[in-house]
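Here subunit A shows up in two complexes: once beside subunit B, once beside subunit C.
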Partner chain A sequence: MPKIKINGNEHEFPEGMNVLEACKNVGIYVPHFCYHPLLRTVGSCRMCKVEVSQNMRGSMQSRIDISCKVEVADGMEIRTDTPEVKKQQQMTLEFLLSNHPLDCPVCDDAGECELQNFYFEFGQHDSRMIEPKIKNRKAFDIGRSIVLDNERCVLCSRCSRFLEEVTHTHELGIFGMGSAESIMLKPGARLDNDYAGNVVDLCPVGALTDKDYRFKRRVWYLKSTPSICEHCARGCNVRVDWDLNPYHWHKKTFQMRKHRTEATDLQRIQRIKPRRNDAVNKEWICDTGRYGYKSTDSADRLTQPVINESGELKPVEAGAVIKAFVTGLNSAIKSNPGKVAVVVSPKLTNEEIYAAWSLFRKRLELPNLDHKLPVDPEWTGDDLLKSADPFPNRLGCEWIGFVPDGNGLGVEDLNLAISNGKIDTLLTILADPREFLEEKSLSKLKRKFFILRNLPEDLKEHVDAALPAAAWGEYRGTFTNFEGRIQRLEAAFDPEGEAQPVWHWMIELATGMKKSLKWRKTEDIMHSLSDHVINYKNLSYDSIGPEGVVVGDKA
Partner chain B sequence: MEKRVRELKVDYGPAENIYWVEVLKGLWITNRHFMVNMWRHILHALRIKAEKGAVTFQYPEEHRPIHHRWRGRHRLTVKQNGAMRCTACMMCETICPDECIHIVPGESPDPNVEKFPEEFYVDALRCCFCGLCAEACPLDAIRLDVIEPEICGFTRDIIFNKEFLMGLNNDRPWEEWYIENKTDSKEK
Partner chain C sequence: MSEGNGNCSLVEVADGLKAKYEQPRAALVPLLFAVQTRDGRVTDEAEQEIADLLQIDTEQVHEAVTFYPLLSEKPLGKILIQVCHNISCSLLGVEPLIDVLENELGIKAGEVTPDGEIGLRRSECLGCCCDAPMMLVGEKFFGNLTEEKVKDVVAKLKAGEEVVNDSPLTPTNEIENPALSGNFKVPNASSIKVAEARGAYQIAKKVLKEMSPEEITNQVKASGLRGQGGAGFPTGLKWSFVPKTDGQKYLTVNCDESEPGTCKDREILRRDPHKLIEGIIIASKAIGVTKSYIYIRREFYEPAQILDRAIQEAYDSGYLGKDILGTGMDLDVYTHPGGGAYICGEETGLIQSLEGRKGWPRIKPPFPAVQGLFWKPTVVNNVETISNVPFIMEKGVEAYRSRGTEKSPGTKLFGVSGHVKRPGVYELPMGVPLRDLIFGYADGIREGHSLKAVIPGGSSVPILKAEEIDVNMDFESTAEAGTMLGSGGAIVMDETVKIPEALEVLSRFYAHESCGQCTPCREGGIWIYKILHRMNSGLGRKGDIELLLDLAANMDGTTICPLAAAAAWPVQSAIKKFPEEFEALLY
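What follows is the complex of A and B.
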């Protein structure tokens, strides 16, 4: 392993590592635009210059070189703090800024722009441009979700390298020479692939911006919470960027009757960004996950417990709905426990499934529990990230055992069983019953109870009583992805209205049915889960690191 | 209960006892001011003398001169072609210590302008009139120079919206007004 000196201190690095990574590992940040650890190194921005001294033909010779292209070699000496290096970096930055439009007030990237940050850290020069700046194309629509601004581009080619090396779709390329050089779509192409949103994260400046996030909120208002995507079995690591202020202001101006339009965005989640996890999703997420957060604050969100009173849904207190659930379930169980079917969606966290399992299987001993919802036929997986299974926690359901026992009925048998009259009570958690039941069997059911996040208008006629469940971003827990990796997700903000996480409703329901579940928070459920389910043995929130833990037979 | 009031006995000397001399002096000053001001008012009313008699301002009819650094109600300035100057960069919303500004940015109707505030609210009940928003603005789009002493005189409904801050009709959307009054800046 080569030993090199960085700013006078000797360190050891593995063979083949470049100097930029080596400096980063010892805590010295070298500014760079084009270098990205997961992409090919091109060395086009010239920002990462350092002073390299090497033994050449018997004497130490030093030169200024770009650190991303220099590999560590024994006896090398690196300096990042000499005046010459600083001057070189400043000059590079001055060149990059010479035609930059400086429209930071309207740029969505302002606040997390590397050009801005480096100017404050390494530049601080006055502009010497006398010539007019070169004008170029602005706000150019290049795809379903991406806007290109050629004036702001620093030609780092990260986006085109991503589209060449990761997605292999080759939509963007660099055309022209000299000052006319610019990034553009290849003839006939449009940036419409499933991973197009990643070029926005890769862009170090505001050249590629997101249409969904366009002008929505300045980045310095956002608060970030680490989470796990719930749109497929991969379990990509994401960051929820949220801000409650527009939401509160909307309510306020609404109350004051001063609002004119409904233009104010009620979304509390402003955007989704990927987190680096080399074992799961590297640093990429698909567009389904990136723009799939909108159901959290959509118009059909159920925020209050509702009960059906003579054909009409009325918002009531949670206690009344729990009471309706309890009397309905109790009377069905008293006649025959086989008459009740409980269907949960594999979108639930491990803790919620375990709470539901403890109540319905362990305490009430119901045979007909299932989670195997049919997969949406429009959903297709791919070989990069998207899994063929659109549910984040199917493996967790199987491991915990939320499946029909011996002679119990699964989801696919329900239609027949209902038409035969074998089942007359249905409780679904987070699942739309029309996904697996026909209309006539749904209307044949005697009692239909739901725990739902969203209540669409056309489902309302089928609801007897419904409890509002916390949506993604409002609860914490763990998901088990398709390879048995357990990862944590955190709650970004409190649930909307009277909504509660499913495990909370399970505890309330258990209390109503005089079957006590003595948990207060998700940690307690995790503790109990690790005691009772073999695959989760010795697991706690503290032992699940930022990369997650692989458990089970796949570990 | 314990007696807590202590009585102090002060002996007034002869100098304090003949206080009526000072009373007469005071009355003399009051009278002099009254007579002088009355004559000045009369002369001012007859337009013989230019300056006013006293420093009192007869408020609703007569306003005090306002200092050029006065910070009053907010105003959104407009460009020569009548469009808003504001580009919704959120600097004012960021710096506002009372969080009284709320901007909803959007795509501008003008193709030469990228971003503009679709809605601009100022909650004057929260505002402390510190003027930091005007200072932070890179485009001189917000000013606190409307001379309006009674901001919330007869109503408590004082979340100002964009049209009000631009001095337009409150019920009429700014976009409508802009399209009607639009003059191309190149023609001017």
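What follows is the complex of A and C.
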């Protein structure tokens, strides 16, 4: 491996690595706009200059070069701190800012804009531009979720390279020549592909902004929490950007919470951004995942335990619902454990599945457990990221064994089993039973218990009792993706109202049924899980690295 | 013609074009010209049609359409008048002529007459500086324009009459034992019969039969021939960089002549195209090439027609094609039209353009000799460079080196344009004194005026004051004098010229021709132009000169290709040499 000196210190780097990445690896950030590790290197912004000294025909020769295009070579010496390097960085910024509108006060990117940040770190010059600036399109609608501002654009071409090299859809190009060129849609096109939102992440400035986030929140108010997308089996690594402040200002009443769903600025999750994980999603996410966070703060969130009292759902203490669950389940089990069906969504974490399995299979020995919810016929996968399976943790359900036992009934058997009276009690966790039950089956059931995040208005009539579940962003745990990769989700904020993660309700329910489950937190469940399920052997939160860990037969 | 027929013929055109190239995309620009000729502009539908034919995305087609100045989404008019407003033409008064054209046509430059018949637009250098001022009317050339000529042409166009080329032969000289211009004064030398009678292809025949590729390359190396496009890189050395493998390699001849002040290659095409073809044959043998492309700027309508005819004749006579002259060597030579972008004269910009992309230069390495056209080893040589090869092979190294200097041997086509009595293209030994060129061959400054300044080698090289012209025109002497030989096209200015105004014209050119890829060039070029324009409009401010110099310094050497530097040098040298003229604009 080549050894090179960076600012006087010697380091070793793998063959073929460029100097920009090498510097980054040792904690020296070289500013850049056009370079992106996952896109073709074009070397056009001229921002990432460093001093490169190399032995040429027996003597050390120095030059200023772009670090994105120079590969590390043995004996090379790099300096990122010479006056000439700083001067060239400063002048590149001056050129980039010469026609920039400087509308930072109304720009969404302010605070995370590379042009702005670099100016403060590397620029710090007074503007010498007094000529009329080039006028260009502003606030131009180019797609379902994307707005283009050509005046802010630094023509780094990351967006067009992404659309060329990753999605192969080519909606945007750099059209025109020289100072007249600008990023624009090709004739007749709209930027509406499933991965369109990524161009906003790639844009180093505020030229491409996201309609969903525009003017919602200043970025410096955001807190970020690492998470895993729950919208398909790939398990893309994401970051939840959230802000509670306005939420606290308005939290006084239930009405205000309802109001929040109409006024987006009262939502807690502000946006979803991809996190880089080359083994899973590179640094991309699909728009389904990007904009799929809304149910966390939507109007139909169930935030209190409810119980059906003469046709109307009444908010009650959690204990009352647990009691109803216990009574109902016990009486069904007493007549025949086969009378009960428990259906969970493969959206549950491994910990939640394991908690549910521990209670219903291990302790209560119920035969009719299943997770195989039907797949929405509208859902299609693709060959980039989107899996054909829209659930994040199907493999976890299978490995843990949340499936019918020998003679047990699965989801697809339920309509028949209900109509002929074999099953009369249904507990559904994080799913709408109408997805797999006909209306008449649902009506025929004697007991209908739910643990739900969202309770749509038209489902209410079918609910006997329901517990509020923590929504995405409110709980932690792990998912097992399609290839057996275990990845961790962190909770961004506390669950809404009285909602709790499913594993918590499992413990409460177990306690109510005198079948104690002695866990206090998700780590405890993972500990049990790793002891009892072969594929999770020796796994702990600490051993799941930032890229996740592939286990089982797919490891 | 019905739409169906139109499509049908485009498919045929596309098939014909695609056969010329390793990758179908390379047919993009020629195809776009075909649809533009058909439809009067490039429509979105036509872009789709071409994208389908070449199996590329419409975005890639649209990028080319919006990049190349000769392609347009808007109607250009049935007949497009393009008037050069670059340095040599503006020195000789093109601006008043543009006013005349605007008045006569009743439209502004950049517009089309309401009936859609005639379009008028300003153009950057059209490579005919020795015939300045000049314009193109459709594909027809009009040089040495006067008000009467312009009015006459407009009257004819309005009357619906055909106009014919008005391209007198550019003045040249006689030289003993000419390497390049031997046939320049021979009538009809572009016809193969005449050329053959004067010995064309004899030396190619001999070389192909008797010499190995190494021997040819070594002889060219020994001759000291250097690139005549401006950079002066040793030609034999360039050839020797090409890997000696069997795979496909290319020779690409650069005829994108568009450095203001330069109009030498055009003379070779018009007056002795077989010399170039013979040079290509010999060079192809040396490099091991079976396909050669001549990238020729599309504005050279007449020269390209002459060259195309000459190539066809060479095929017909067995000098090109399969098994040339029974030697077993195959060679196809194709011409490829440029899109009107100066940047495509840069070798990697040219390669990108030939491949059907925008002419955005590539980062080197890899150098074209290793990965060039279609990522295969490629030599890019200027027309004049290649045209020297037959002489070197025929007369030998000694004869070539007997003229010129040790490091800049041989003869060169020197152009002189601007305020001289006899602007022209002269073949002279390297190292000829600039004074002789201007006051001897070009017959001195126009009557009643005196020399003020000379840009000796194409617009980007540093300017010389009248008292500095005792410099020999070779690579080394010019460098010593603080300027460059460049392409050898001297632009002569008399005392009527205001240097800041001349510099504004040049800065407008470089700002317009920046490909837009690198930040300093894209932003710096237009900034410099705006400052100069403001200064020349009477709004110069204290600090402008320092700002200009600083911006120029920040553009010099900070980009992928040398265009930014070429834009910076004239600014630096003009301010250095004529500071008082710039200071006078400040208040």
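What we mean here is this: the second predicted complex is superposed on the first by the 536 of 555 C-alpha atoms of A that agree within 3 Å, B and C clash if a C-alpha of one lies under 4 Å from a C-alpha of the other, contacts with A are read in each partner's own complex, and residues count from 1 in each chain.
Simple rule for what comes next: a contact is a pair of C-beta atoms (placed from the backbone, for glycine too) under 8 Å apart; a residue touches a chain by one contact, two chains touch by 3 or more.
Note that the coordinates shown come from a computational prediction; the quantities given were computed from them, not determined experimentally.
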Next on the checklist: Quick check on the superposed pair: does A:45 touch subunit B, subunit C, both, or neither? Answer first, second, both or neither.
Outcome noted: second
Next on the checklist: Looking at A:362 after the superposition, I want to know if it touches subunit B, subunit C, both of them or none. Which is it: first, second, both, neither?
Outcome noted: neither
Next on the checklist: Going by the contact rule set out at the top, does A:79 touch subunit B (first), subunit C (second), both, or neither?
Outcome noted: neither
Next on the checklist: Looking at A:178 after the superposition, I want to know if it touches subunit B, subunit C, both of them or none. Which is it: first, second, both, neither?
Outcome noted: second
Next on the checklist: Looking at A:460, would you say it contacts subunit B, subunit C, both, or neither? Reply first, second, both or neither.
Outcome noted: neither
Item to check | Which superposed partner A:96 touches (first subunit B, second subunit C, both, neither) | outcome: second
Checklist entry - When the two structures are overlaid on chain A, which partner does A:105 contact: first (subunit B), second (subunit C), both, or neither? => result first
Next on the checklist: For the three-chain arrangement built by superposition, which of subunit B and subunit C touches the greater number of subunit A residues?
Outcome noted: C
Checklist entry - Across the complex, what residues on subunit C touch subunit A? => result 44, 47, 57-60, 62-63, 66-69, 341, 358, 360, 363, 511-520, 522-527, 530-531, 534, 541, 543, 547, 554, 558-560
Checklist entry - What residues on subunit B touch subunit A, complex-wise? => result 87-91, 94, 99, 102, 104-107, 114-115, 118-119, 121, 123, 138-139, 157, 159, 161, 173
Item to check | Residue numbers on subunit A that touch subunit C, as the complex places them | outcome: 42-47, 49, 64, 69, 88, 91-92, 94-96, 98-99, 128-132, 134, 154-155, 160, 164, 170-181, 186-189
Checklist entry - Contact residues on subunit A for subunit B in the complex? => result 103-106, 138-139, 214-216, 218, 220-221, 245-246, 249, 252-253, 256, 258-261, 263-265
